[in-house]
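Across the two complexes that follow, chain A remains constant while its partner is chain B and subsequently chain C.
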Partner chain A sequence: MGLLDRLSVLLGLKKKEVHVLCLGLDNSGKTTIINKLKPSNAQSQNILPTIGFSIEKFKSSSLSFTVFDMSGQGRYRNLWEHYYKEGQAIIFVIDSSDRLRMVVAKEELDTLLNHPDIKHRRIPILFFANKMDLRDAVTSVKVSQLLCLENIKDKPWHICASDAIKGEGLQEGVDWLQDLSTATTWKL
Partner chain B sequence: MLKKFDKKDEESGGGSNPFQHLEKSAVLQEARVFNETPINPRKCAHILTKILYLINQGEHLGTTEATEAFFAMTKLFQSNDPTLRRMCYLTIKEMSCIAEDVIIVTSSLTKDMTGKEDNYRGPAVRALCQITDSTMLQAIERYMKQAIVDKVPSVSSSALVSSLHLLKCSFDVVKRWVNEAQEAASNDNIMVQYHALGLLYHVRKNDRLAVNKMISKVTRHGLKSPFAYCMMIRVASKQLEEEDGSRDSPLFDFIESCLRNKHEMVVYEAASAIVNLPGCSAKELAPAVSGHWAFFQPASHVYVAMKHPSAVTACNLDLENLVTDSNRSIATLAITTLLKTGSESSIDRLMKQISSFMSEISDEFQGTCYPQDTHGPQGKDALCQKYPRKHAVLMNFLFTMLREEGGFEYKRAIVDCIISIIEENSESKETGLSHLCEFIEDCEFTVLATRILHLLGQEGPKTTNPSKYIRFIYNRVVLEHEEVRAGAVSALAKFGAQNEEMLPSILVLLKRCVMDDDNEVRDRATFYLNVLEQKQKALNAGYILNGLTVSIPGLERALQQYTLEPSEKPFDLKSVPLATAPMAEQRTESTPITAVKQPEKVAATRQEIFQEQLAAVPEFRGLGPLFKSSPEPVALTESETEYVIRCTKHTFTNHMVFQFDCTNTLNDQTLENVTVQMEPTEAYEVLCYVPARSLPYNQPGTCYTLVALPKEDPTAVACTFSCMMKFTVKDCDPTTGETDDEGYEDEYVLEDLEVTVADHIQKVMKLNFEAAWDEVGDEFEKEETFTLSTIKTLEEAVGNIVKFLGMHPCERSDKSLLPYIPVLLSSLLGVFRGGHDILVRSRLLLLDTVTMQVTARSLEELPVDIILASVG
Partner chain C sequence: MAAASSSDSDGCGVESNEANLKWLDAHYDPMANIHTFSACLALADLHGDGEYKLVVGDLGPGGQQPCLKVLKGPLVITESPLPALPAAAATFLMEQHEPRTPALALASGPCVYVYKNLRPYFKFTLPQLPPNPLEQDLWNQAKETVITTMTTLKKNLADEDAVSCLVLGTENKELLVLDPEAFTILTKMSLPSVPVFLEVSGQFDIEFRLAAACRNGNIYILRRDSKHPKYCIELSAQPVGLIRVHRVLVVGSTQDSLHGFTHKGKKLWTVQMPAAILTMNLLEQHSRGLQAVMAGLANGEVRIYRDKALLNVIHTPDAVTSLCFGRYGREDNTLIMTTRGGGLIIKILKRTAVFAEGGTEVGPPPAQAMKLNVPRKTRLYVDQTLREREAGTAMHRAFQTDLYLLRLRAARAYLQALESSLSPVSATAREPLKLHAVVQGLGPTFKLTLHLQNTSTTRPVLGLLVCFLYNEALYSLPRAFLKVPLLVPGLNYPLETFVESLSNKGISDIIKVLVLREGQSAPLLSAHVNMPGSEGLAAA
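And now, the complex of A and B:
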């Protein structure tokens, strides 16, 4: 980041840019969450399964997010790692109603955490326990138990229950990310 | 910055291309910049340019490095810089087949193609279709349908053209988009309409009815786009050609109606379509020709003229006016047309016009006009065949052209033309040669000079007054540089060898050349001098008039072998394989079109490949050098049978090897120990079989049979073998290919195999038959007369003999120069197995049947006997 950019960030003229990776299994609601976070005039009406990835941008009060919205389908998951290096934060989305595949989600999470590009960095991870509106959804506490989130010691993490279709719980998560970035110094 | 660049340029030798010395690894290293944030669009676009440049220069990117660069590039999608984005699209397209997992950008591209930015949408569609395979196509089908009917023309066109590309791999999916394409076909934009019709046609092109319907619809409603019209005309004419039906069909009406279109392009297309229709009558042509005429398109006229001279004759008057047209290319074409259509009487006049015209056009223009317009000299070539009496005029004309300034291509075309006239027409030989002599007096092109010198050496001594050429040739020795001097020395020696009277003076001239500075010239002169001083006809014939007949790579290999294994014996030239492709294509070489002949391939020929293969089989050691392999394998089975067997015959000095290439077409069998048993009808003796160990499904294998040639009765060379294939069958699983352990013996009867005289004789090419004939002498000469009752023409008779004996007709003596004289004297040359030249001279007389007198000569008695025995 150039001197001028740094200055404008300090003065609050230009928002600090943060690269975020949005990961999770297919059909967990990643694209829907990102879509909801965009300004209402840029939102698209129908969400289709992502093929590969797409880059989306949205702003919070003090940050400008560039999100790499990755496809969650099985055959694209091994392509996530190409983008780990650039990610300064991770949003991991879980379908809380899909108990059956919770183990798969845990496995993907473990692979992610053990990847050399992620393992030794204090990179913040925000978990969305999504689809809370569904009847058979489990609570966010239960989700964190199922995924053994308490074992993550070296990275700041936060889980919040969300309903991406109504947009509930999303702001809470984004606020956590924002607070973290303003409070601590992220390695840029 | 600018200054720095200048300095760099100077150092690197002033190349203006900034990408000239790019290093792949360095560029890929630079590509890591893509991962940085924030993105510097200008820098990244520049690096992408470098990558694209490298790919387009043919630099090979490995899959891993390409994939790495590709993924780094995908991160650039976060920038909104339009230039960078478009560079990304280009890179995606270029790398789509090099890198892995390119579908990663699918969503990013679909986002762009449905987005608001029109500039992005078209390119995004194209890039998307490039990375999509048939399995992924379903996923983007909806987007494609939308894009086809998009109201922005560039998007719609992109989608249509991309669909056309996709049609090749996933026809069924694209077929479903016909409705959308139909809608796009009524678009107001001319390009969209053209592309939509193109797609529709390609979807339907296998369905004749649908195409006809499409054309009739176009006829009724008309089109906006002239491009679309042109395409429909082509489609219609193709359809007509396939139908080869009547001219009343609505398709023809459609094309004809297009003649009245307001776009020139359409009228022109329609006219040339009509002209190109096979077998159309003059009446139908008339409107088309006038259509052409309206646009002064003599280019197409020339074409018409070649096919329908009579139809254009009407325009000849107009054409003559065009000759003086200020546009030179039009004038040239007009002349060519006239030459084609004109009558004998008008040629003189035309020639005069042309020569005045030639002097007008600048040299540079001749350069561009002539090579492209091979009609020039070529047309005259054809002309001189048509009107042999005019050759003097033509020759003069060509020579004036030759004297004028001109580039190499131009000069060569003319020299080619003169040479071919000399060959075709013996009356013109002397004038032609003297013209050429004068030309080489002042010729800057080495190739042409040596070629003419060679021709002089060949043809000169046979003329009535050979001594007049000597001066020209010796002038070359004095004035020119090495290559021409060497050529001139050879030509001189040829004169000396064929003309007793001139021999003393030639010897004097050659003695002077012995002191030359150049090695080659000196060597040649010394060699020829010594040969000539012997005053022996045989030596002259062998070493001066006729060159080596062996294959050069073969000679090189044999000599290398010889130097590696020192022995007392002198090197035997007979052990070297003969050149399999004698320079029989002399004729084609001298026509102007093929003047740029590919250099003879020096790599191993087919025969040399065989020789190496055979040498690898231990049973065939000690057979000596391979003498001849039959040119085409003979099929011993029908093509659709269980086993496909093809046989190639290899002849050695005292043996023959039959090579059987076998293919097993049954997928539930594996054959083992395959041999071909042979039963000869004559005194041939089968020595051994080399089996093919295993023959799995569809994998060709080779087995050999070795036979000794008959010793007691050496004349019985022609023989028929009955063949039977023996093998062990093992059943196997067609899917896994596992074979059972148990097998059983089986046989398979093959067709009979013929060995003919031609298998024992190799074609060779000598330039001077007469000299070779005298060299061999009449010690073993035999003569017989035959009557060929079934053959009706002389050429057919000679053709049959040539084929039967497998010998080479010398000096184009297989063709009758004067068709009305019923006598043909032809000379055939070959080398019999063992390396002895055999010469056959046949006199044919055509009365009601063909009577043939055959005279054969060789250095040994055996080949002569065999030839005569076999002809009878």
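And now, the complex of A and C:
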């Protein structure tokens, strides 16, 4: 960052840019979450399964997010690791109503956490326990228990219960990411 | 958040097995109350919502309350009673219309119940057999036949989402192919026995092959245009499963083994299982193009084979009675197993898992491909070959003569050894003895230990002597003559003596050990001890 850029960030004229990876199994609601975070005039009405990945941008009060919305389908999941280096934060979305595939989500999360590009970085991870509106959804506490999130000791993480269709719980997560970026202990 | 410290408290991962790194334990419910076998399991996107459901034709506990169950994830979403025990379940596409939701067919008794969108749609009943007019009244009910097995056959396209016909095997030794829309009988084939397992490949309108494993222990192979079997495979035992893997028919038999056959009935291989086979099904991993056979065994193992090669073994808490692999929910490679006690196990294959043949190589060993450095034919070789060709008979005779002479000489030497008791084992009836000598030490002083054993079972031996014969210029022994104590049968008696080497030139010689009976000059047995060279003197 040049001096002018730094100055403009300090004066609040220009927002700090953050690269975020949005990961999670297929049909967990990644694209719906990102879509809901975009300004209402830029939102699309029907969400289709993502092929490969797509890049989306949205802003919060002090940050400008560039999101790599990765496809969660099994055959595209090997693409994720190529973007780990560029990511400064991770959003991991879980379908709380899919009890059967909770183990698959855990497996993918463990693979992510053990990847050499992630393992030794203090990269923040924001979990969305999505689809809270569904009848057979489990609570976010249960999700964090099933994914063994308490074992993540060296990275800041946070889990939010969310309903991406209504947009509930999404702002809480984004605020957490933003607070973290302004805290002195950790720099994005 | 994340207050609980237990890694996994319910359901998931309880069964996790360190050795089994390929599978994720998605669900285990030992009290699921599902009693069925592989033919009655089917996976399909029944509502067309991308969420694959599991269809179970459940026999009920003890075969008492048959019902149709549909599961979504770990939960039963619908359950409806059936009038008779289910024989087979299959899903198939009936027509070309959108949305392409598959219909569900369940064979039970003499009927096939067809459901669309999980609502009853059609009931096909097997045609009545022509009864003998004289017995008509008596046999009216007994003459009704039932369905024993069912499968699907693509109508005219090989696509994954093509329209399929139902193929039924019946108790009156017939195979029927039904039209997918009108449920009329398109063709009828007769078999010499009752079919129990069916495997079909090809398309009905073009060309197809049908393999039917029957109750008489034979597998009959039929083709389009053939009303009767074209080939027959005679098994030495009853079949317990029939799976087609690519072009190979894999049959499990009651002799705890899997056999591979070609479509023409030629046997390719046999693999022995450690326990009885309870059920079999196909494992097809589309993403890696893998087809393998899964076999559920009575010892609580599920073994996965590609041809002869064992790819994976899954240990289950109870013996597995039905197996099904495919897309379930939204996960492609899901394995569903039900156990003898009515339990339900769901495992998901890891995305990164690759089935490798563990150690057991298929095909020729690598050494076979190595080129040997064969020398060129020399002049000598050619001459010798010519000579062998011309004087073959004479050479053979000369060789035989020499061989006889050698045998004679060996026999003579043996006889002499026996007569003069030169051997270390005496086999005479009075003194069965065994002698074994050990030399220890580097020299110039050696320790010579004789192990003497009475090999008779009951008689002790008394009054034996041991005598050493040696060159007195080379060795000196404190006593050249020992008295042997009473030899109790079976025990090993070590007799020790010191031997001092006198030569300073490092010469070694033989010491003869004779075992004698008091008052007899002929030794009972003897041993020649090859003394080692004295290291101590050589070094000095």
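Observations on the model:
One rule holds in what follows: the second predicted complex is superposed on the first by the 183 of 188 C-alpha atoms of A that agree within 3 Å, B and C clash if a C-alpha of one lies under 4 Å from a C-alpha of the other, contacts with A are read in each partner's own complex, and residues count from 1 in each chain.
Simple rule for what comes next: a residue touches a chain if its C-beta (ideal position, glycine included) is under 8 Å from a C-beta of that chain, and two chains touch if they have at least 3 such contacts.
It should be emphasised that the depicted structure is a prediction, and the values quoted were computed from it without experimental measurement.
Using the contact criterion defined above for the overlaid structures, shared-chain residue A:166 touches neither chain B nor chain C, since it reaches no partner. Touch criterion not met for A:59: it reaches neither chain B nor chain C.
Looking at the superposed arrangement, the partner reaching more residues of chain A, out of chain B and chain C, is C. By the document's definition of touching, of the two partners only chain C reaches A:101; chain B does not. In the superposition on chain A, A:111 makes contact with chain C only, not with chain B.
Looking at the shared chain after the overlay, A:119 reaches neither chain B nor chain C. Contact with chain C, but none with chain B, is seen for A:149 once the two complexes are overlaid on the shared chain. Within chain A, no residue touches chain B in one complex and chain C in the other.
Put simply, chain B touches chain A in their complex at residues 35, 37-38, 71, 74-75, 77-78, 101, 103-108, 110-111, 136, 139.
In the complex of the two chains, the chain A residues touching chain B come out as 1, 5, 17, 19, 49-55, 57, 66, 69, 71, 76, 79, 82-83, 85-86, 188.
Those residues of chain C whose C-beta lies close enough to touch chain A in the complex are 1-9, 11-13, 24-27, 50, 73-75, 287, 328-332, 334, 346, 348, 350-352.
Touching chain C in their complex are the following residues of chain A: 25-27, 74-75, 77-78, 98-104, 107-108, 111, 136, 140-141, 144-146, 148-151, 158-159.
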